[in-house]
Structure formats: structure tokens, C-alpha cells
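Each of the two complexes below includes subunit A, the first together with subunit B, the second together with subunit C.
Our next item is the complex of A and B:
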């Protein structure tokens, strides 16, 4: 299964030095994102990717070890973003 | 007489409120506490409010009062001695529910040197007490309750209204500000005892003068605490401020841009305090060093 961002171009993003507040017009909600979460959304806006590919990309960007904990937390965030409508599963 | 007939139109910041009542004790209180407000008898009123009296079938000997806006009653009736408190709550409710051409923050607001200081907080944080003290000690009162931001112009509008002190804060302010004009305490309201402080006259005279925000301070009164004024991260301040606005979600993208603009242009702090002299001095110092 691959993920891709959902209307990333429509988001209003305020940058507060490695933290972001994001207004999502589709839901009218405002979200608070750290740099890794924002990178995740931005990455999925470039091209669809599996959870493993997202993990691999983020581990390189943030010099993190891709252990099971890291993969689990990324997976959790992906499903949370899906629930918020920020990303979706590729058809 | 106007209060009893067509109603008295009172200018409150950017709004005119038409108040009508035939309840004499309230009329006496209003003529005392509203004596320095500008009248706007020939102008359009945004809000038409009334306090009417009624008797219940169950207890016909007991007079009650009811708040009406445009003839509609948003509350139940209250004991007659709470008429002033009910009127003030009703006007606040009308502003909170109906005003969407401003970003409406739940915040005390004061001004000094043409810069606005916001104290966004939910009830119980001591913002009315703090605002009362500051507005009698060198700051101009904008509001103890509403931060009215014109998000097109990026400025705040004053809305100086009576400041309802509650419970222990009443004797504290009487002692701290012997010169303050305070109405009779109203006991047994759903918020306890309430007493209304008149805005300083100068704040009323300057109530057309808008200003831009410079500081956002999230206050919390904690008994016996030392004054602690600490910077807060912008993103955290953003989320706190957005969750504090009455109409942030109604305004959608405009609300987001307004809050982002505010956070970008302000220094943001959290504040814990208990001593009014200490915090007043600290805030004057903050203003002076800017």
C-alpha cells in the first residue's frame, strides 16, 4: 500500500522555526506539526510512497536509525494523517 | 427617561448598544456606572437589549428579571438583584455570538505607548483583576473580556466595558485601587459575588483609538506565587491563541492568517502571578525596554 498527500497545495502553512501550524481548508482544522511531520507530508506530495519508503526517507533526512519503534511511530502518524484527511491511500 | 422608553444608545468601542429597561434599581445603577460613556442616540445601534421584569406562577411575590436581545431571550430569568450582572452577561453574549467581522479573542487587552498587550485566558485565570489593576496604573483599558482584532487592518479596537470582579478579587481591588469606582456587590450569582468596576474615564474618551498588538501574555493567577514571565514558542502560542478565539473556526483561512500575523508581530509569554504591584511593575518594565 502506498500513501500520497491529499490537497497539500491547498494547505496554509505558517513556519515557526522547525514547527509549523497548518490550516486545512478541507476540514477547517488547524494542525500543529513538527519538522519531521512536515517533511513527511512534503515527501508524499512529491510522489506516492509506502510506509517503508517514508521511513527510509525520514531516517536519512533526520539521521535516525530505522528500528521497529521508529517504523511503528511513523506508521502511526501516517494513519493519523489519513484520519485527518491530510494524506490518503493510493487507488 | 430614554432608558425607560425608546432605550438609551450607548457607544461601546466600535458598537452602539441600545439599552431599554423600566426596572428602576437598574436604571439607578446604569446612570452611575455608565455616566462617562458617550451616548449615540442618533446613531445606528448594533444591539438592542432589554431587561424586563416578570413574576413566576410558582412564586408570584418574587420579582425576576429577564434579558432580551431583539425580543429574544437567550437565558432563563434571574433574581431581580442580579439585573446589572444579567445585562452585562447578555451584552457579552451578543458580542461573542454575533460579531464575526473581527477576530474575537477571549482576552483582556490594555495599551501603552500605542502598543497593545493581550492577556488571552479562559475564565478563572484572573484576567479581569489584572486588567482592572493595569488600567488604573498607567495602561489604557481596551477590554477585560474581548480582543477585537480588525484582521484586514491588523489593529485592535477598544471595547471598554464594566469589569466584573468576582468573589475574593473584590476586596483585593478595593484595597489595591481605592480610587476605583465599583458598583454594589451582587451576591449569589452563578459566578458567586460580582461587583462591576467602571473603566477609567480616559479609556472611555479614547475608545475610538485603535492600536496594533505587540505582546501576547497568557496569564494565570496562582496564590502566593512569585511573578514569572517566560517566553513561549511561537507555534505553541499560535495554538493557544487560536483555541482561545470565539470565532477562529468560523473565520476559516482569515482566522488562521490573522493569528499568524499576530504571532509574527508579537512577543509571546506565559505569566504566573499573584502580586498586583509586582506584575504591574514587571509589565511596565517590559513595555519600557521595548
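Our next item is the complex of A and C:
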């Protein structure tokens, strides 16, 4: 299964030195993201990716090794993003 | 300043400093979490209270008939509002545009009825309202719902 961002262009994003406030007009909600979460969203805006690909991208970007815990966390955040309407599954 | 006052001020100052320190600690923890010190993605969501409030007209029944809305000062009639759904917490969802009726029976005449009679009649109007499946709402709820939905615009001419 691959994920891609949902209406990324409509988000109003403010950068507070590696912290981000993201206003989502579709839902009227405001989200607070750290750099890694923002990188995930931005990455999925550029091309659809599976959770494994997202993990691999983040491990490169943040120079860290992946392990099961990390993969589980990424998977969890992806489903959370999906529930918030920030990303969606590719058809 | 006597010793007691001096001690109290010093104590209050210590408490204030501790609270400030605790607050800063929480703030630091929150910032650490967001800044990715934990090297994991983090997302926190702030839900818009305004958006939730706009989604429906949810209110509780007025606590006392004295807080309820009566229309027409010369012959007060209870504003009886119909509800769509009773929620688990005891509140009522009145729907997008709440329906209502004015209870006229028993008629109240503030000029001839003494205050005890007025109260008795108001309670009788409330019983009638409950009998037909409505509730009384407070003035504050009335103002809020009227502003949001325009449901009570027809009452403005009375």
C-alpha cells in the first residue's frame, strides 16, 4: 500500500525553527508537527510511497538506523495522518 | 512589614517561582518533543472549538424556570424548544434550526397575578412544554442559538 499527501497545497504552514504549525482549512484544525513529521508530509507530497519507503527516506535524512520500533512509529503516524485527512491511500 | 507578612511574601514568591519553573519544564519537554529530540515523528492537533460549536446547537435545559425564556412581558409565554436528540451527558441537540412553540396555557397576567401565582403558572407552562416534548432554555442559550441559527427571528416582532 502506498500513501500520498491530501490537499497539501491548501495547508497554511508556519515554520518555527524546526517546529511547524499547520492550519488545515478543510477541517478547521491546527496541527503542530516536528521536523520529521513535516518531512514525511512533504515527501508524500512529492511522490506516493509505502511505509517502508518513508522509513528508508527518513533514516537517510535523519542519519539514523531503522528498527522495528521506528517502523512501527512511522506506520502509526501514517495512519494518524490518514485519519486527520492529511494523507490518503493511493488508489 | 511584620515577620508574618514577610514570611508569607517570601513563601508566595517561592511558590510563584516553583510554578514558573514547573511551567518552563513542561514547556521545555513539549519543545523537546516537537523538535524531534526523540528522533520520532510527532503530530499534535488543536481542535477548533468554534468549528465544533458551529456543527450543531447543543444545550442543556435551563436549571430553573426563573432562568427560562418567556416571551411577551404583558402576558408571558414560555419559549418551548423542540430537540432532535438527547445526548448521553444529558444535553440536548436541537438540530441546525431548532423548532419551538410558545406555551400560552395557563395564561399569566403579571398585573393581577401575585408573584407566587405567576411562579405556579410558569411551572404549569413548563409541564405543558415537557408534555409536548420540548425543553426550556436559558437566556444565554437563547442568545447563542439565535445568533448562530436565526431560529428565533420570528420572535423579534413580539
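The working rule: the second predicted complex is superposed on the first by the 91 of 91 C-alpha atoms of A that agree within 3 Å, B and C clash if a C-alpha of one lies under 4 Å from a C-alpha of the other, contacts with A are read in each partner's own complex, and residues count from 1 in each chain.
One rule holds in what follows: contacts are C-beta pairs under 8 Å (C-beta built on N, C-alpha and C of every residue); 3 or more make two chains touch, one makes a residue touch a chain.
Small disclaimer: the values here were computed from a predicted structure and weren't measured.
Q: Which holds for A:37: it touches subunit B only (first), subunit C only (second), both, or neither?
A: second
Q: Look at A:47 in the shared chain and tell me whether it touches subunit B only, subunit C only, both, or neither; answer first, second, both or neither.
A: So A:47 meets neither subunit B nor subunit C here.
Q: Taking the superposition as given, does A:12 touch the first partner, subunit B, the second, subunit C, both, or neither?
A: A:12 contacts subunit B only, not subunit C.
Q: Examine A:28 and indicate which partner it touches, taking first as subunit B and second as subunit C; both and neither are also allowed.
A: both
Q: Please determine whether it is subunit B or subunit C that touches the greater number of subunit A residues.
A: Answer, by number of touched residues of subunit A: C.
Q: Going by the contact rule set out at the top, does A:77 touch subunit B (first), subunit C (second), both, or neither?
A: second
Q: Of the two partner chains, subunit B (first) and subunit C (second), which one does A:60 touch, if any: first, second, both, or neither?
A: neither
Q: Once the complexes are superposed, what residues of subunit A are shared between the subunit B interface and the subunit C interface?
A: Shared contact residues on subunit A: 19, 28, 30, 32.
Q: What part of subunit B is in contact with subunit A in the complex they form?
A: 233-236, 238-239, 242, 248-249, 252-253, 256-257, 260, 263
Q: Taking the touch rule as given, give the residues of subunit C at its contact with subunit A in the complex, in rising order.
A: Going through subunit C, the ones touching subunit A are 31, 33-36, 39-48, 50-51.
Q: Could you list, by residue number, the parts of subunit A that touch subunit B in their complex?
A: Counting only subunit A, the residues touching subunit B are 12, 14, 16-17, 19-21, 23, 25, 28, 30, 32.
Q: Quick check: in the complex, which residue numbers of subunit A touch subunit C?
A: Per the touch definition, subunit A meets subunit C at residues 18-19, 27-37, 40, 58, 62, 64, 70, 73-74, 77, 80-81, 84.
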